[in-house]
Amino acid sequence: MSTSDALVLDDVSRRFGRRWALARLSYRLPRGRSLLLTGHNGSGKSTLLRLIATATVPTAGRLEVLGMDAVAEREQVRGQVALLSHSSFLYEDLSAHQNLVVLLRLLGREDPGGEAVALLARVGLATRGSHPVRHFSAGMRKRLAIARLLAQRPKLALLDEPFGELDPAGILEMERLVAELRESGTAVVLATHLVEQGLSLCEERLHLVEGRRVEP
Amino acid sequence: MSTYLLLSQVADAAERVGSGRIQGGWEFVWASYAVAYLSMVLYAVSLWWRRPRPAASRD
Amino acid sequence: MLSTAWILLNKDLLLEWRTRARLNALVFFALATLLLFSFALGPDSTLLARHAGGYLWLALLFASVLSLGESFRVEQENQCLDGLRLVPTDARALFLSKAVGNTLLLLFLALVLLPVMIALYGVTLSLSPLSLLGVLALGCMAISAPGTVYSAIANHARARDVLLPLLLFPLIVPALLAAVKATTLVLQGDPMGQLTSWVGLLSAFNLIYWGLGLALFPRVVED
Amino acid sequence: MEDKRRSLRLGLAVLGVVTLGVGAWMGLFWAPPDREMGDVYRIIYVHVPAMWMSLIACLVNFIASVGYLFKASWKTDSLAESTAEVGLLFGVFGLVLGMLWGKPTWGVYWDWDPRLTSMAVMLVAYMGYLALRRFIEDPEKRAVWSAVLGIIAFMDIPIVWYSVRWWRSLHQVQSTPQTVHPDMTLALRVNAFAFLFLFLAFVWSRYRIAQANRLEELALPDSLPDAAADGGLTRTT
């Protein structure tokens, strides 16, 4: 039944205090398809991504990610999903290389050092690997954060405003990286203001207004 | 620091009291009952003050 | 779980090394506290020597509030804690790494303070240095286990700098009593054989709170 | 339903006040003076019940905290909140009574008596508990974290008690009067039941306030037309 869908949202709601960030959202995303999330700031895009990533739990309703329950089987979901969030998840006082090595070691990889170097090269930070993150610009942090996501080799990548804070060249590069992800068989859920870029990368679209689904 | 100071005082006081029956002390008894009942009354008042108002008076 | 904890501990120690200026400040803070105690009590060296164990632990306790608070502030800066959770990382490994890291930091601090205290207060060591090390380690563990849980909680609250000591100090009163008594006995000799019961109390405290920490920490960091 | 509960609550309070009146008369005038402590011992009739209620409150708080962690429900969370506050009330004035008792018996207000000292330490711990609840806005997080805190603090009670007793072992621990007149026991029991009734009335009223606060924090004025029927007071997670 639901195993053919990458995402199943069944009447999902999420409340923060008195505010419903998501209200009774139902949606299905077939496997292998990618989803573009659009909507204004505060429309619930980030909350939805955090729910799918199991960073937070739905207040009501049921959420299935890749055929697994996002609450009961969250450990398994986390193994297959990666989130690029507004917060970079980076340690400011570690170097870019060390940040990646810690993550790769936690993931149990064979050669964390070598893999980290390769990842840094892939996102265009090869020469900055030994610099502490504290001295990075916003765009460089974004690149390192996407390297972090790539390191997790997810089946489903959740990207929250990946083009934000990037210069035009950076945006092009990010588009290339997302396209590469797609080609390698990773489904993408993309939340962005830049609808044009997003539409070229995704087949499906979900438009949110104040936590509800609206036809764009 | 002050702990040890107090301790020595206590030891002195214990010797002074000895084993005889304590005389008087009613003022402490009255004070105690007053403190106990007053605390409870004040708390009851505070509960009354915070009581849930019916929904109509809210907003 | 243990290997994850080991990786995380390495990460924390590396972070501590990269920000060693902060560590230095902590050491000087603890030293200043120790010095201030002697000013507060006047230059009566016998009094100072008699209560040296108490001052040592108070200095450590004050410093621990700073170091415990810091240990989760690092994780919050870019929501690194979320990043770790989503890897996924076992929350119990996270607790172990943080608690062990805090213990090591406090123990390091204690070992720095010890010679200063001996010089400043004119303390002599009656029992073996090894038993002193054991008491110090047990005491640091006793502060760190509940301290780690409380620091993770207080870090998300308003007024976290006030909240952590308010929560932690009453809780570790028994551990502090036991640690001070045991330290004093090690320094001044133990003719009545009381040391074992205080060490026993300290061990029981550790057992309970390391166990509780392992059991409850997953609920603290997960929603 | 609500009317019935209201009258039950009121009845409990009235029962408590009446019993307390009888208890006060028994404690102050009816019960005989103690052989050693004279009339000063009469403080026992308010001091000891207050301490008992405080301990009961800690116990209920612990049970509610454990219950919340096993199954999230606003009911156990509110119960934990109300018992912590009421327990703190009884504990604080019970402690003051202990000090008032200490002055004529020991010559000082504060004697580092193991019971009083342990109680003082625990009261500070539960003040921290209430402070934490106040400093966290998100109701779900507050509930989980304070439950963790409630468990940790409760486990500390016996440890504090033993450590303080050992610490004070150089000093003779004051014991309960050896020769207890049966009238004294009766007076103590009456007072204890009076306190228990009032304690229950307090906790119940405070619980209602807590539940109303939860409802307000989670009230959904304009969204979720269908799912909000239960007022958001049930959690599915």
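As written, the chain order gives the labels A, B, C and D, with residue 1 at the start of each chain.
Methods note: a contact is a pair of C-beta atoms (placed from the backbone, for glycine too) under 8 Å apart; a residue touches a chain by one contact, two chains touch by 3 or more.
Not measured: the values here are computed from a predicted model.
Taking the mean of each chain's C-alpha atoms, the chain whose centre lies closest to the overall C-alpha mean is C.
Set side by side, the interfaces B-D and A-C show unequal numbers of C-beta pairs in contact, with more at B-D.
With centres defined by CA atoms alone, the chain at the far end from chain A is B.
Centre-to-centre separation between chain A and chain B, using Cα means, comes to 58 Å. In terms of their C-alpha centroids, the spacing between chain A and chain C amounts to 38 Å. Averaged C-alpha coordinates put the centre of chain B at 14 Å from the centre of chain D. Counting partner chains per residue, chain A shows two or more touched chains at residues 57.
Listed for chain C are residues 223, each touching two or more other chains.
Counting partner chains per residue, chain B has no residue touching two or more of them. Of all residues in chain B, those touching chain D in their complex are 3, 6-7, 9-14, 16-17, 19, 21-26, 28-29, 31-33, 35-37, 39-40, 43-44, 47, 50-52, 58-59.
By the touch criterion stated above, chain A contacts chain C in their complex at residues 53-57, 74-75, 78-79, 81-83, 85, 87-94, 98, 102-103, 105-107, 132, 148, 152.
Those residues of chain D that touch chain B in the complex are listed here as 13, 20, 24, 27-28, 35-40, 42-43, 46-47, 50, 86, 89, 92-93, 96-97, 100-101, 103-108, 110-112, 171-172, 198, 202, 205-206, 208-209, 211-212, 216, 221. On the side of chain D, the complex with chain C involves touching residues 69, 121-122, 124-125, 127-129, 131-132, 135-136, 140-141, 144-145, 147-149, 151-153, 155-156, 159-160, 162-164, 166-167, 237. Of all residues in chain C, those touching chain D in their complex are 146, 149-150, 153-154, 156-159, 163, 166-167, 169-171, 173-174, 177-178, 181, 197-198, 201, 204-205, 208-209, 212, 216, 219-220, 223.
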